[in-house]
Amino acid sequence: MHMPKKRITCLGMIICLIFIFPSLCGAQKSIILATTTSTQDSGLLDVLIPIFEKKTGYFVKTIAVGSGQAMAMGQKGEGDVLLVHSPAAEKKFIAGGYGVNRRIVMHNDFIVVGPAEDPAKIKGMKVATEAFKKIASAGTLFLSRGDNSGTHSKEKAIWKASGMNPEKGKWYQQAGLGMGQTLNVTSEKKGYTLADRGTYLALRKNLHLDILTEGDALLLNIYHVMEVNPSKWPKVNAAGAKSFADFMVSKEAQEVIKTFGVDKFGSPLFFPDAGKKEEDLGK
Amino acid sequence: MLEGRNLKIKRGGSIILDVPSLSVQSGEILSLIGPNGAGKTTLLQALACLIKPSQGELFFKEKIVSSNHVLFQYRRKLTMVFQEPLLFDTTVFENVSSGLKIRGLKRTEIEKRVDENLERFGIPHLVHRSARKISGGEAQRVALARAFAPQPELLFLDEPLASLDPPTRESLIEDLERVLRQTGTTTIFATHDRMEALRLSDRIAVMNRGRILQIGPPPEVMNQPLDEFVASFVGVDTILTGRVSKKDKGSFLASVMGHEVEAVGEVELGETVVFCIRPENVTLSPPFPKRATSARNVFTGKIKKVIPMGLFYKVQLDCGFPLVAYVTSHALEDLELKEGKEIFASFKATSIHMVRKKLSG
Amino acid sequence: MDLILEGILKAFYLLVTFDPEVMKITLLSLQISGTATFISLIMGISIGTIVALAEFPGRRLVVSLINTGMGLPPVVVGLFVTIFLWRNGPLGFLGVLYTPTAMIIAQAIIATPIVMGISLAAIQALPKNLRLQILALGATRLQMVWILVKEARLPLLAGVMAGFGGVISEVGASIMVGGNIKGYSRVLTTATVMETSRGNFDIAIALGIILLLLAYFINLILTTIQQRERPK
């Protein structure tokens, strides 16, 4: 029994060494991309990133968290480039000197979804704030992301614009989950929620939720790419960040964005907007 | 060979071992007897350097055992067996060879010594058996084989037979005695069985509360206890050593301090034997003619002391050799037994418990 | 119910066709958790044995720390490891955040107290005089420790299995320090979370089943070794 045991020990040690080294090597050519769970869940990055990696040889580490956390990472210099969709917070980010080169990439929209029975009777409404007011007065269950994500920020903006303060109501629940899971919980509990179209479409087959309100300009979900300010955080991979950001607004990437999701869902999940001005967007 | 000076061990504020001086000769078998908690195990472990004394020094072959290196060298020259076999969870072979493997002996030498020692203790057939699948007696034999395999200069035994049942104990003590005599290993062992101590040892040390109360050859300690405690511990049997002078028809005569004592047993001429005579078996009487009773051993003696023992009396006699008898108070009165009186003492040859003592010299 | 059935079928399909992504994820799970368990084995058994045998002031405190460590919440470990490995953190210069190495570190931190605690108990459970008996056979301190470890090999193996079980199924710390990056630091547990959040329940269930099978087979091997040695 002695010989085999010694062999196993040696083998074990070699395996360990195999592990530690490669990771230390890859440090130079890697970029940390901080983005949101909904962006990752849409699957778009799974298509775009391999193209970018092949083209430039960079290794992209996609860290998908909530918008809030993504920007916190940028603020601390723990990420190199951000792809987020929370315009108000983004503007603060740039103003604070944490990021540079904020460029528009694409947009999709948010929709208000709910059970087919629609107890709050918001189906077909065109104004988001009105729909929200009706939900509040009907006191029907509404689930919020509650996680400072882009979706959550948009939702809070709509509540504010509608003049309502939902936090006091028992019908208002904060899930603290990602978009996909929030949709699942909403579906299970037959409530209402605000979701981005992309995630909804991706999960639709398993949900018992219908699109009840859409099309309001307020419901636009706009994605920007920002590079973390290298003068604030010298350790940032500035070259890599710029390369990625440039790629996201390049013709090649924008083409991919345009056609992404069509074969699967019948309509694209995102609309490419590189070069446009934020104010010009709208349906 | 081994000498301890001023050995003291303190634990929790009290002194649990206090031995000002102890020396063990090469080839000697020393036994430590005493009640539980007397300090036998502590002394053994201190002498084996398994525990560090709070005070005192140990000398092995005149050299002090102190620095780590010297201590380690010393430890390699000894082995110890405990009350539980403490075998390893592997085969008997692996167990017996463990002391040898530790010392880095070659494979062929290991195999030779393992076979040799398994033979010595009568268990060669167990060599490949798992140590968990053998009986208690067999396990203790393996432990002994394991201790003898490295050919130690010093052997420490801590009540090795205590947890065995009487027949197993008897069988093992015979084998142990034989091996000890064969190898001449200097041995120190602790026991609370007086007979075991008597049978195996050249000297007995009686311990209590961490101190050695008396140390000397068995007859001396057992017949001439220095104090009440020793006396009560060693018991009241008369212990006599004699040499076989004649043998005939199953019984024999042994010369004890110039007197001939008859006993029964299988012996060789010239052999040394040890007799144990229980005081209940000694009868006192006024003089009577020779061969008037079936008791083969009749001696005249002077009463040295009469000690009341509650329900009866203990009478200590000098018949040329010490002898102790128990009598009732009626007998005491009827025979007018008192100190200084001359009396006949008799005991039967068949009542003597005999131990054959094969001395190495 | 059909969802679970779909999941089981999907699991079979993925396994039988050796789906490359699933194979990669499974292999990575094994490598990362295996390495972490190996590290925890060495550190856990050695420290556990030392604490079991040594006498020193504050020993009781150390023992209770170890026992508390056995129940350390993995996400808390993940959080602290992340903070240390951040670029601007004390160990940021290593540049190992969001790599398998970071996952190995976090998992090793989770598994080591488990192996340590069980080793401690296993060595302490050995007969009190065994240590003295080994010394009385002429062993050096190192030899003695080695023999004691061999004597306690059955419960120690159980400790290793517990450590492995703890990390192969761990997800919180693994996502935090690994980043769940496709083909790089994505393992069975983190992939399951992601597929669930995407709504791909069939894949999620399939991955879950594969994880269960993996854990079962590893433990089967270890258990066979352990029980083969068991005294009957």
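Going in written order, the chains are labelled A, B and C, and every chain counts its residues from 1.
Definition applied: contacts are C-beta pairs under 8 Å (C-beta built on N, C-alpha and C of every residue); 3 or more make two chains touch, one makes a residue touch a chain.
Owing to the predicted nature of the structure, the values given are computational and were not obtained by experimental measurement.
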item	value
Chain whose Cα centroid lies at the greatest distance from that of chain C	B
Pair exhibiting more inter-chain C-beta contacts, A-C or B-C	A-C
Chain closest to the middle [Cα centroid of all protein chains]	C
Distance from chain B to chain A - Cα centre to Cα centre, in angstrom	87
Averaged-CA centre spacing for the pair chain C and chain A, given as whole angstrom	32
Distance from the mean Cα position of chain C to that of chain B, given in whole angstrom	55
For chain C, residues that touch 2 or more chains besides their own	none
In chain A, residues with contacts to at least two other chains	none
Chain A - residues contacting chain C, complex	12, 15-16, 19-20, 23-24, 26-27, 32, 37, 40-41, 43, 46, 59, 61-64, 76-78, 178-181, 183-184, 202-203, 206-207, 233, 235
Parts of chain C lying in touch with chain A, wherever the complex brings them together	31-32, 34-35, 38-39, 86-88, 92, 94-102, 104, 179-182, 184, 194, 196-199, 201
Residues of chain C defined as touching chain B within the complex	127, 129-130, 132-133, 135-140, 143, 147, 150-151, 153, 229, 231-232
Touching residues on chain B, where the partner in the complex is chain C	45, 48, 50, 72, 75-76, 78-80, 82, 84, 86, 88-89, 98-99, 102-103, 130, 132-133, 146-147, 150, 156
